[in-house]
Each structure stands twice: as structure tokens, then as C-alpha cells.
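The next part holds the structures, each set out as C-alpha cells.
Okay, so subunit A shows up in both of these, paired with subunit B first and subunit C after.
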Partner chain A sequence: MSLATFLDQLFAGLGLGFILFFSAAGLNLVWGVLGVMNFAAGAVYMLGAFMATTVIAHVGASTLGWLLALVLVPVLAAAGGALAEVVLLRRTYREHDENQQFMLTLVLSYLIAGGVVLVYGPGFRTVSLPGALSGSWQLFGATLPVYTAVVIVLGVLVTAAIWGLLYGTRAGLLTRAAVDDRTMLSMLGVDVNLLYTGVFAFGIGLGALGGVIDAPNGAVTTNLETAALVPAFIVVVTGGLGNMTGALIAAVAIGVIESFVTLRSPTLAPLTPYAVMIVVLLARGLAGRSLLPDRARAAT
Partner chain B sequence: MVGKHAVSSRTLLVCALVSVLGVTGAGCGSSKSKATTAASGSPIKVGYLASLTGFCAAFSQDYVKGAQQAVKTINAEGGVMGHPLQLLVRDDKAEPNVGVSQARDLVLSEHVGFLAGTCTSAVGKSVARLVANPSHVLYTVGVADPTVFTGGGYVFATIPTAEVEGANAAAYVRAHPQWKTVAVISEDYSYGFEVTAAFRKGMKGSSQKIVSQEYVPSGASSYASYISKLVAEKPDVTYSTVIAEDTITFVKQAFPLGLFKATQLFGILDYGTIDPMPKPPVGALGYTYYPSASIYHTALSEKLDPLGTEVANSGAAGDGFNQIEMIAQGIEKAHSTEPPAVRAALDGATVQMVQGSEKIHSCNNLTAVPIAMGPVVAATKELPFAHFSPIELVDTNKYFTC
Partner chain C sequence: MRALWWSRLSLLLGAPREWAPGLALLGLGVALPALVSTEYVLLGASTLVLMLLGVSFNLLFGYAGMFSFGQSAFYGVGAYATVLLVNKAGFDFYVALVAGIAAATLLASVGGAVLVRLEPIAFIMLTFALADLLEFGASHASSLTGGDSGAIAELPRALNVTVGVNRVYYVILAIAAVVLVAAFAFVRSRAGLMLRAIREEELRAATLGIAVERRRLGVFALAGAVAAAAGGLSVLSAQIVYPSVFAWQLSASALIVTLLGGVGLFSGPMIGAVLLELIDFYVGRSSTNTVLIDGLLLLAIVLIAPRGVVASGSGSLPGAASGLARRMLTAARGARAGAPG
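Take a look at the complex of A and B:
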């Protein structure tokens, strides 16, 4: 294998890996901190992509339009997420009713999907990349699309930002404390409800951000919901439920491995995420560790 | 493509939402109220299956619009033997069990004798089994799986099957001996497997070498690793049957990775997909077996014009239109609304379609519609969307052995 081919596949794998990470990040955060398996994560991702097409259609396929979508869509989605958390999910924490959480997030996903079809129709949409992001660079004979590089950089920045929020701020400290003992924190006078709403909203915003970032990569369709949700679960389970660093490593590893498997056996490549997940779970099992890590430990 | 016809598609959108929410589609079907019924007899009901949600939802609105347009024009011209057509649209969600359930309900509750539509072979195959004896319901559909159709059966095709498509692609590649190496990239489901098998069969004995074969996951968000592999292999030509919205994702990602500089792309490029591309693959060699109105200059292609340039050229609208026309013409030929009589009348008949006069082959009920081929060019003043120019219309009769 030549260096150029190696780098081409590496870049493709990193691009895929970071897109996978973005599809999983919101789901992972909400699980890690709140213990809510958000089945609406795929729908939120799809919604983010569709909303990006609206913003870009109005502002234009310019760098400004794309940046605006990158900021505006997650903020709007987070606001919607906050509302959904207050109205639907808040009452379920105290009862630790995971069945109710499952049903509520499932209903939420149906509502979002139905809303998208109602507003945008069942057809697909496309958005152009701004000229500055649509080219590519040549590195040692390999081709690195500018947008792939942007996705990688954004992925690193988002991970750093989440890490910084969790470990460098008082809100992060309280969030981690809430994972350990919500009742104790409440007794100390912290508004845990507000904290939980904030985390859920942030997770939803993160999911929508993934959709915005993915939108220029291809056709924006209602199929994005499933296309995002299944890999997101694989990444989250592989990386360790709630473990953001683990999710990043898992997503990038899956992307890169899949890319190189494509080179040797393209027919088997789509099975890579499942194979990696099985291997990781088996390794955990053989090492005597729980297959699904303890949430409190994972979030730290 | 989406969003410019919001008013006319409002009913469909509501039905799709109702379907998404899991409520059965009462009142979500008929276009009768829109038809200008010059005909006065009792209506002839036609059940129309459309994948308004799920895989290929993106194109199913256009199928329905085409079918509705056929009903509208037929009824405006006096209907069929004095009877107006009544279209009952149902969402099959691109799932065989849902399609069968909807078809069964249309037959048992609505008493339809004629069914049409769906965009997936999986649904088409299941519904084809349902309409086999003893129900005697005639079904017209445009899907690529050849096993859906059998001579003497009640299922009639409006597009070539994957066998014809693959054979034609192989003949085209063989006609270009300067292409010494060939890569094939296909969808990883039945359509992709069948068309690839037919292509490989057609390439047997050729000195041209197939250097790679890739099956890409349908609906994936990234094809970059497959594209990078093709760029590294630098085949003289890449035969692609990546279809529908996956084409858009594939082409969008192919540009920055330099695919179009590394190889000549040849393959299915329906107008319905190259039109909405922000940057169409100008110079790629495309083909389509769907009847986009601007390709043909026939009496029926002109009847698609009221749908607007975009929908009329989507291909899906033309196919939906043809499915209804075939039923209407079969009834006229049979002088009967009884499906067995209509089936007998269509057996080996020549029917008028958007593409022109086309023969239905008796051995398999396939209509030998042409395949339009040509290099992709950018939008022009006359044709304000990416299209083929010049266009070669391939007579597919030569691929029939019966």
C-alpha cells in the first residue's frame, strides 16, 4: 500500500469517525449524566440537518450561512430540548422509571419525525458547501477534503469543550456531583432540576450540531434518523455508556478500521461497527468488567 | 426538488404525518375531488401504493403526482369507457408487510380490481404474490426485480428490470474498448446485486477487466472510503448503480476526493437526482430508464407539463403516469373492467406511454421501454436543470429473448 493510499483511507476514516462521534455525542452526554437513553437522538440529528438546510437556504451557501447554521440550529434545538425535558422527562427521574423515559423519548422521536415531514415533506434536501470549504488539499499525494479537515477539527474542539465544561467549571462540578448523588446535591441547595434541564438541552443541541455538520456531506433525508441512531448506539456502547472520551475513541476507531477494511474487502466494511462493538464487549467480559459500565464512573 | 410544490402536496404531507404517527390512513387516499370528471359512469377504483415514508420517500410524492395527473387527464377526456378513474393512495412505508396489508385492504374493503405503484422490489414482490390467483387483481408497477414478473401473470412492468439494465450497461462498456479496466460500485440490496450480476454476465468474454466490485450501504452518510479506494485504483471507467438520494451523497463526496479526475463515471443518473445536486457531475456518462418528460416528445409526455418542469422531469412522475395509463389502456382494449380480461388484452399488446408506443412482452409482462443515455451537461436556458446531451435512446427489445 502506497503512502498516498494509506493517507487517503486514513482521512476518509477520520472523517467518517468524527461524523459518527457527532451522531453519538448528544446521546452519550444525556445518558452519562441523566441516565436517560434518549431514543429521540436520531430524530434530533435529522432535525438539525433539515434546519441547517433552511438557514443556509435563507442566508445563502456562504461561510456566513454555514457558520450561522452551526450556531443557530443547536441553540434552537437546545431550547426545544429544555422544553421537552421540563414537560416530559423531569417527573421520571425521581421514580427512576426507565420504561417511561424510553417511551417518552420514543414519542418525542415520532413527534420530531412527523414534524419534519409536515414542514419539509418526505422528500430530500441538499445544501452546498461554501466555496472556501468545498475544495481539497494534496498531502504526500493523498487528498484531504477541506470539509473533512473542518469536521475533524470541530470534533476535537467539541470534545475539548465538553471536557472543559465538565472539569473546568462549577456547573460541570455540580453535574458530576449530581451523577453521584442527586439527593445530596439537592439538600445542599443546588437547583438540580435546572441542572438536569441544562444538561438535557446541551445534549440535544449537540445532537442537532451533528446534523448540521453532516448536512453538506450528502442528501438530507428523513432516513437520517435511523442512519444516525443505530451507529450512535454502537459508538456509545463501544465507548462505554456515558464516557465521552471513550465515545470519541470508539467512533474514530470504527471509522478508521471501516475505511481500511473497505480497501481490502468492501463487502465486509459495513459490518465493521458491529464487529468492533462485539470485540470490545467480549474483551470487557473476559476482563471481568461489566459490559455496561457504571454510569457514575463513566461520566467522570 | 422539495418545497416548490408545497401547496399541491399538502394532502400527502398530512397523510405521511398521520402514517408516521401510526394512525391508519382514513381519508388519505382519493384524488377524485381534484379530477375534472367529464366521465359520468361509476368510478373505476385504482389502488395506488406509494412509499410516502421510509426508503425512497423522497421520490414517492412525484410518483403520486404523476399517477394523479394521469387520472386527471384521463377523466377530463371522458374517463375509461365512460367511467372516471378514482385513485386511492396508500402509504406502503417501503415495507413489504405494510404494502401487502394496504393492498389487501384496498382489495377487500375498497373492492379495487386494479393496483399500481411502489418503488421497491421488496414491496412489489410481496404485492405481486398477493394479486396472484385467486384474487385476480391486475397490478402495474415500476420495479427492477425480474422475479416480480411472469408471463401470463397479473403483474405488468413499466420500467426495464435489473437484468435489462445490467445487460445494456455491459453492452455500452464493451462498445468502448479504450476502457481497459472497469470498477463497479452498487447498492448493497437486491437491486444492486441483480444489476451487477447482469452487468458481469454481459461482460463475460470481454478483454476488459473488472478490477474491483464494491457494494455500498444504502442510505449511508459517508462513501468517502469507497471513493478513495476507487481513486487509488484509477479504473478507466467506474460503472455506478448507486441510486436515488445516495447518488447525491456519492457525487457530493466524489468531487473533493478527485474521483472525476481519476476515472470516467458511467451509470444510472436519474434526472430526479442530478437536478437537485448543488454541483452536478458534468461530463459523467449517465442513463435513466425513467420517463423524464423533456427526453421524449410524445402526446403523453406533454400531459406531464402541467406538473411543472421539475416534477415532470423527475422520472418518478412519468412512471406513476405510465402505470395508470397502462391500466386505462388495458381496460379500453379489453372493453371490460374485469382484471382477467384486461390482463388478456395487455398480453403482448403495444401501449402508449410517455416514451411512445411500447411493446409488452408476453413471456414476462415487461414493457420494452427505452433507456436514455448521454453525458451530463449543466442547466441551459432551454432546459433549466442538469440533463443529458446529446441523448441516445436505446431500444431495449434487443435484450428480450422471447
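Take a look at the complex of A and C:
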């Protein structure tokens, strides 16, 4: 393999990996803090992609339109997430009814998917990239599409922002405290309900962001729901439940490996996440280790 | 003497709401072709298939506390094995069905040996991933499975649903009834009791000498077999198998019917299957956007009867009605108060 091909695949893989990480980070955060397995994550990703097509259709396929979609869609999705959390999920924490929680996120995924079909019809949409983002650069003989570079830079920025929020702000401190002992936190006078709403909204916003970024990479269809959900699940399991660093490593590794497998066999490439997961799980002795073991065990 | 006999029988069968609604449904099932038109007999056939899938999920989730989100994997293996053995190997349908159930049981035993050791959330996701992996395989191994265009079952005339609906319906009903009785016998057995002990208090069960992982593996294999029976019978009602038999939406249906009817009640998923099939049937008639309307209806049911229709009723019909009314009032009050946290 020449250096040029290697770099080509590496860039593509990094882009893929970061998109994967956004959905997985949203899932992971909501699971780690709220103990809710958000089954609607795939639907949110799909919704993000569809909403991006709307924004760009209205504002135009310019850099402005694209930037607007990048900011507006996750914010709108997060607002929707906050609403869903307050109206549907909040009532379930007190009853500790995990079945109902899972059922509600499943219902949410049905409502989102149904809403998308209602608004956009059963067909597919596409978004074209603005001129400024659609070219490519030459680097050591490799072709680096501008958009891939943008995705990688965005990926690094958003990842840094997540870490900054979790470890550098008071909200992040409280979030990590809520993972450890929510009752104690609430007794100390922290508004845990508000915190939960915020975390859920943030998770939904991250998932939608993944959808927006992925939208120009191909046709935007309802198939995106399953296409996003399964790898996100796999990343969360591979990285360790509730473990953000693990999820980041798993997502980037899966993205890069999948990109190299594509070179050899495009048909088998979608199996990469499974292969990585199986190897990691076996190597870890099937223990499913996690940085947040209390939550993972308490939720049985 | 007689009193003892009766109390033993009720000990054997459990509370009436465990089995009575299911028994009533099977009775209704026997009479169905005499009561309704062909269209509804077909609906009855697919309801029976969904019932078995729901019971399979409930065996794991309701009785053992194991949340499998991949029962479609075993359903699909049952369906594909049956069709392929009939088409490619010339097997008799019933032999192929039994072989399909055996294949799924084997898969569940081998896969389960790893899966049942995982923590609950990894168990959910990996059972989900298993089904997705099989869907990928069925879709890509097109020389064997026909790929996305599906495999049409080459069944004899006697088992062709377009030739004789009622005959095929009764075949499905008879096999489904046998599987249901076997599954019910299992949950009422000592093994079923041990599983419930594990569900309630794993550590205590282990301390009492129950082999937790072996029991879990056992019920996982059994649930795989029940799901495969559902898949094999779906070959009769649908006459064709697509890779979508492995889709997560099917596993979601198993979950939905169980939650609709009542988790951990044997009749729960049976009642739930009837409700979901009726909802889908009438929604499908009036709208193409079934997902949205399904979602809205499910939302209403989750909010009004969160513990399932069977569990929410108190056994008697007036009790059920008052229970429902109370829940609706509570839900309305909760909504007005801005969903208290």
C-alpha cells in the first residue's frame, strides 16, 4: 500500500470515526447519567440529517447555509429532546421503571420516524456541499477532500468541547456527581431534574449533529435510523458502557479500520464494527468493564 | 381430598389471569374460521405467529429478567432454515420446521453461552447486534437466500395459504398451541420458579445453590426455540421469507406486545399480540404512515396502562374498567400538573 492510499483511507476513516463518536457519545452520556437506554438515538440522527436538508434548501447550499444547519439543527433537536424528557421520561425516574423508559424511547423513535415520513414523504433527499467545502487538497500524493478535513476538525473540536464541559465546568461536575450518587446530589440542593433534562437534551443534540455532518455524504433516507443506531450501540459496548474515552477510541478505531477494509472488500466493510467489538469483548475477558460500574450494575 | 386436588391444580397453573385470557384466546382461535371472513383468518394466522414471538420474549424478559432485543435472530433462523430445507433439500415442511427449531436452539445455546454472562445492557445490545448481523448475512448471501428479493416457499398444495386458508390456519393454530402449552409448562415448572428467583434476587438465588448461568442459558435456548417456531410458522402464513425477518422492528414488536399485555404474565404477550395486530390492521387500511399512528397509539397505551392491559385490569371486567378509568384520570391529572418529577 502506498503512502498516498494509506493517507486517503486514514482521512476517510477518521471522518467516519468522529461521526460515529457523536451518536455514541450522546447514547453514552444519557445512559451513564440518566440510566436510560435511548433507543431513539438512531431516529434522532436521521432527523438531524433530514432537518439539515430543510435548512440548506431554504438558505441555499452556501457555506452560510451549511454552518446554519450545523448550529441550528442540533439546537432545535436538543430543545425537542428537553421537551420529550420533561413530558415523557421525567415521570418514570421516580417509579424506577426501566421497561417504561425503554418503551418510551422506542415510542419516541416511532414518532420521529413517522414524523419524518409525514413531512418528507417516503423518498430520499440529498444535500449538495457548498463550493467552498467541496474541493480537495493534495497531501503527500493523497487526496484529502475538504469536507473530510472539516469533519475531522469538527470532530476534534466537539470532542474537546465535550471533555471541557464534563471536566471543566460546574454543570459537568454535577453531571459526573449525578452518575455516582443522584440521591445525595439532590439532598445537597442541586436541581437534579433540571440537570437530567440538560443532559438528555445535550445527548440528543449530539446525535442530531452526527446526522447533520453525515448528510452530505450520501442519500438522506429513513434507512439512516438503523444505519446509525447499530454502530452507535456497538461503539458504546466496545468502549465500555458510560466510558467516554473508551467510546472515542472505539469509534475512531472502528472508523479507520472500516475505511481500510473498504479498500479490500466494500461488501464486507459494514461488518467491521462487529469484528472489532467481538475481538475487544473477548480480549477483555467478557467482563464489559466500565468506568461507571455502579450505574451499569445498579440498572439490572 | 377434593379440596387438596383443587388447590394443587391452582398451584400448578398459577393465578387465573396468568392462563385464563390465553386459554380463552385459543378457544376463540379454534372458532375463528367459522366466525369471520378469510381476511380475518389470515390476520388470525399472523397474530398466532406474533403471539409466539411475544411469548419467546416474555420467557426471557418477564420470567428471567433478561432483556433480549434480538429474538428476531432466532425467528429468522427458524424461517430461513424451514424455507431453505423445503426448497433446496426437498424436506417435508414439518420436518424442516423441526430442523429449523433445532438450528435456532443450537445457535441460542452456542451464542447464549457467551451472551448470558454479559452485563444486562451489553446483553441487550449484543442480542440486537446478532440479529442485525444475520440480516446482513441473509441479504448478502443471495445465491442461497435469494437476497433482498426473498425466498418463496415451495410448499405443497395442501399447505398453500391461497388454496386453503382454513387448513393452513388450523395447522398454525395446532402447532402454536403445542408450543404455548410447552412454554407454559416450563414457566410453571421448578426451572421456571428458579428463574423467577434469579430475576428477583440473583445473589440470593446463587447462594441457595441455583446455577444462575446454566438456568439463564437454558431459558435463552428455550426462548430461541419458541421464536424459531414462530418464524417457521410465518413461512406458512406469508409463504415468503425476506431478510427483514431479522429486522429489529420485529424484536421491537415482541417487546411491544409483551409490554402491552403485561410483562411476566403468560397471557400478556398473547393479548398484546391481538391488540397490536388489530391496531396495525386498521391503521394500515386508512393510512400509509403506520409508524406514526402506531407510535401515537403505543404512547397512549404506555401512559394509560403502563403495566400492561392484563395486569392493569384486576382480573374481573368491572375491575379492569375501573382500573383503566383510574389510570386515565391519573394520567390526565399528571399532564395538567405539568408532569411532576
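As a working rule, the second predicted complex is superposed on the first by the 280 of 300 C-alpha atoms of A that agree within 3 Å, B and C clash if a C-alpha of one lies under 4 Å from a C-alpha of the other, contacts with A are read in each partner's own complex, and residues count from 1 in each chain.
One rule holds in what follows: contacts are C-beta pairs under 8 Å (C-beta built on N, C-alpha and C of every residue); 3 or more make two chains touch, one makes a residue touch a chain.
No experiment lies behind these values; they were computed from the predicted model shown.
In the superposition on chain A, contact is made by A:T5 with subunit B only, not with subunit C.
Applying the stated contact rule after C-alpha superposition, one finds that A:V86 touches subunit C and leaves subunit B untouched.
With both structures placed on the common chain, the touch criterion links A:S136 to subunit B but leaves subunit C unconnected. When the two structures are aligned on the shared chain, A:T267 is found in touch with subunit B and with subunit C.
Looking at the shared chain after the overlay, A:F233 reaches subunit C, while subunit B stays out of its contact range. Contact with neither subunit B nor subunit C is seen for A:I249 once the two complexes are overlaid on the shared chain. Of the two partner chains, subunit C is the only one that A:M277 touches; subunit B does not reach it.
In the superposition on chain A, A:L118 makes contact with both subunit B and subunit C.
Legend: residue contacts after superposition of the two complexes on their common chain; A:Y110 is shown touching both subunit B and subunit C.
When the two complexes are superposed on chain A, the residues of subunit A that touch both subunit B and subunit C are 110, 113-115, 117-118, 122, 226, 267, 270. Touching subunit A in their complex are the following residues of subunit B: 1-3, 6, 9, 12-14, 16-17, 20-22, 52-55, 57-61, 188, 212-217, 219-222, 224-229, 231-232, 245-246, 248-250, 252-253, 255-258, 276-279. By the touch criterion stated above, subunit A contacts subunit C in their complex at residues 31, 37, 86-88, 90-91, 93-94, 97, 99-100, 102-104, 106-108, 110-111, 113-115, 117-118, 122, 193, 226, 229-230, 233-234, 236-237, 241, 267, 270-271, 274, 277, 281, 286, 288, 296-297, 299-300. Within the complex formed with subunit A, the subunit C residues making contact are 65, 67, 114, 117-122, 124-126, 128-129, 132-133, 136, 140, 202, 247-248, 252, 255-256, 259, 263, 288-289, 291-296, 298-299, 302, 306, 334, 339-341. Of all the residues in subunit A, the ones that touch subunit B in their complex are 2, 4-5, 8-9, 11-13, 15-16, 19, 61, 110, 113-115, 117-118, 120-129, 134-136, 143, 145-148, 214, 216-219, 221-224, 226-228, 258-259, 262-263, 266-267, 269-270.
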